[in-house]
Amino acid sequence: MMERDFGSALRTALAGLPEGAVESLEVSGSVATLRVNLGSLRAVLESLKSFPEAACDFPANLTAYDTGEEMFLVYRLASIERGWQALVLCRVDRSEPAAPSVTDLWPGFNWFEREVYDMFGVRFEGHPDLRRILLPDDWEGFPFRKDYVSRPSGSPLRGPQPIDRGAQG
Amino acid sequence: MLIALIVFVTVGVVFMGATFLLSRLLRPHRPNPVKLQSYECGPEPFGDAWRQMNLHYYVFAILFVLFDVEAAFLFPVALALGRLGWFAFFEVLVFVGLLLIGWYYAKKVGGMEWER
Amino acid sequence: MGEVSPDLQSRVVKFPGGGVLVAGIDEIFNWARSNSMWSLTFGLSCCAIEMMATAASHYDLDRFGILFRATPRQADVMIVAGWVSVKMAPFIRRLYEQMPDPKHVLAMGGCACAGGPYRDSETIVKGVGEIVPVDVFVYGCPPRPENLIHGLIKLQERIREESILGIKSREPITVGG
Amino acid sequence: MSLEPRTDPNPPTAEPETPAKGPAIDAQALHQEILDLGTQGMVMNMGPQHPSTHGVLRLILTLDGEEVMACEPMIGYLHRGLEKMAERRPYRHFLPFTDRLDYVCSLANNLACAQAIERLAGVEVPERAQWLRVALMELNRIASHLLFLGTFGTDLGATTMLLYAFREREEALALLEAITGARLTYNWIRVGGLPDDMPENWDKGVLAFCDLLESRLPEYDRLLTDNPIFRRRTEGVGVVSPEDAKAYGLTGPTLRASGVAYDIRRWAPYEKYAEIDFDVVVLRDGDTFARYLARRLELEQSVRILRQVFDKLPEGPIASKVGKVLKPPPGIAFSQVESPRGELSFTMVSDGSPNPVRVHIRAPSFANLTVLADLVAGNKVADVVAILGSIDIVLGEVDR
């Protein structure tokens, strides 16, 4: 029962979008996983937020991950009244990562977007104040990218030291 | 009577002078530019405090000083009230009453509230 | 502890019986200073919570005369409780500078002493000893209140041996985890 | 963004006109003229080393006299890049690091991390372990809320509250130490269950502590809840409407104080919370006092949960077998745990190798802090301390 009306609500919510917008949609329990292409990311998120049936108005989580070959953005939105969540995955070009900002839809994502920019270098267009949030402002490079080379630090006491025991696993 | 006065003054001056002199001699003295900077929770202090302050601080300060001094006067009276008798008691009431009027006016004019 | 103002130092040692005079003053000063070590509230992370628990009712640091002051101007001891990141390091140095002499530093917890479990982190300074001269290292993650009190007592003993004429040798004391 | 500044419960009455006699100066105009002399705003640091920033949060305040015109929180002073370090280690080697995230309630972090790995690798947790995990969660929540009561009272000047609250917290820590061996950084939850069973008559100790805590709650009410000065400083300060609270992604008592019933233990029950009868504390006015009261009332709910856990604690194994090297199938999974500060969620991505591709920690304090800048603008400097204290942040999990 739960899955059927959540899945159907989502499909009707996303009906108005162009054909290739949502690559895949599966629902398991109260969590729907959508894979969306970058072009229509903003449209999908807007429809998820505004559609009365699937009113995902709670910004639960926004992050990104880099597998070395491709980089993904992960949005997790929840609808508190209906008790379901939508996990939106969206592939981003690794060399020039950029994405539409959703801070105007959910102010809660303001700092999450700044952190993703700080760590992955994803430029969010339309973000009111995109700067580093956790690292010192003069830090070069984006540490969470797989191709990030740890900066050789001057004194031995700073910067990463190799882990001696075989933790690399 | 004069001797008592002289002893009193000299003891005061000597005591004050000695403590200042001794502490100036015995305390460690190692100034450095960062130490002399103003402390602002760690980072470099922004600008300086020589700016035009809001006038309301003055009203607050004066009201505080006024009622603080009033309290200071009440202590000795409270201690010695037993020996002073009823007349002093009513005298203090008048004293406090006058200040209450001042307090009421300040409250009415809004001196107590911080509003822009 | 800092040297005394230069003009006194030179005269008093040559003065016959000067040594006794200085020892007397030392006695009083050290007694006062060791029993009223006001510490700068400088909690960074988990060790700060343990420091608060040590200062609170059960373990109670007040009986040692240790009071937590928020401003470095009134602090004698800086207890660095937590890991030190590269972004925080210059502020720690500045706060240490702004503390009046005589001042001491107690590094609390493995992170403050030697970087703790964050050997391979990019932004962690491996030990506050690289930023400020440390007197006592208290290891532990977080060190139990008893360890911290043990470290503080060791620091009190060190203050008792100091002289207003100058600091004796100051290699750090280490209190086990 | 319609966060109205402090609504004064009793707005000052109209200005009295000056008495008729005496020179015809218009005090009103004079008063206004003095105020309009034009004062420059002053930029000030409420910096990393500050008694009430609960660690190393730095606020750059632009003040006009006593009023805060703008506030810009700066974080990152405790940043260790923990998520990058997780990618260099096998899954289970990261568990000890999770204690140092929200170090006031470490068990919630352990559980969130272990739960994410269990969901990723499909590991089952035996009944007894699930029940014991609930008991550990609630005991740790009590200890964390007690610390909140203490520090929030001290922020507003009521330092006795710290000594009272820490007295009970020591009892809770003693109990947690009896089972886990540590006071603060427990690392006591493994993938698939718990490392060991509870010592015998540990449950009697916990139940005795529950009775002790319940007898002490009236003392806290006398100290803070019914304290007129405390109420005067917190009621009506920093009001957050339900829509803004949701839009800012606030979670935990900070959100529920604004009237939104979102508690992961009831919303997406994990472990054994579905079978426990407790009610979610939801208040309405959304001001600083409501946020304090929400946590104060949650103490009673946690005591109620603890009592039910030990009635229904079944016998059985404490952990399920998990292989020497854990290689979860490729995919993405996230866990949700109700930590005392809000929804704590670990998102893990695996590509089949023993090391995770990505571990993201959604820290409730990080999300709750975003509202501070807008909440504080327009209030007075003294209210900044009250509002910041009421959001109850821990900088270890904000900076990660």
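Order of writing sets the chain letters: A, B, C and D. Residues in each chain are counted from 1.
FYI, a contact is a pair of C-beta atoms (placed from the backbone, for glycine too) under 8 Å apart; a residue touches a chain by one contact, two chains touch by 3 or more.
Quick caveat, the model's predicted, so the values are computed rather than measured.
C-beta contact counts were set side by side for B-D and C-D; C-D has more.
Centroid distances built from C-alpha atoms place B farthest away from chain A. Mean C-alpha position of chain B lies 41 Å from that of chain D. With each centre defined as the average position of its C-alpha atoms, the distance from chain C to chain D rounds to 32 Å. Separation between the centroids of chain A and chain D, computed from CA atoms only, is 24 Å. Between the Cα centres of chain A and chain B there is a gap of 58 Å. Counting only residues that touch two or more partner chains, chain C has 72, 87, 91, 95, 120-123. Those residues of chain D in touch with two or more other chains are numbered 47-50, 76, 79, 81, 84, 88, 399. For chain B, residues that reach two or more other chains under the stated contact definition are 42-43.
Contacts between chains form some other arrangement here, matching none of path, ring, star or all-to-all. Of all residues in chain D, those touching chain B in their complex are 12, 15-16, 27, 31, 34-35, 37-40, 42-50, 58, 60, 64-67, 380. Within the complex, the chain C residues that touch chain B are 1-8, 25, 29, 71-73, 91-92, 94-95, 97-98, 100-102, 164. Chain D contributes residues 1, 75-76, 79, 81, 83-84, 88-90, 93, 246-250, 260-262, 267-268, 325, 332, 334, 343, 345, 347, 349, 351, 354-355, 357-358, 360, 362, 366-367, 369-370, 399-400 to its touches with chain A in the complex. Here chain A touches chain C in the complex through residues 135-136, 143, 150-151, 155-163, going by the rule given at the top.
Those residues of chain B that touch chain D in the shared complex are 40-43, 45-47, 49, 51-57, 108-110, 113-116.
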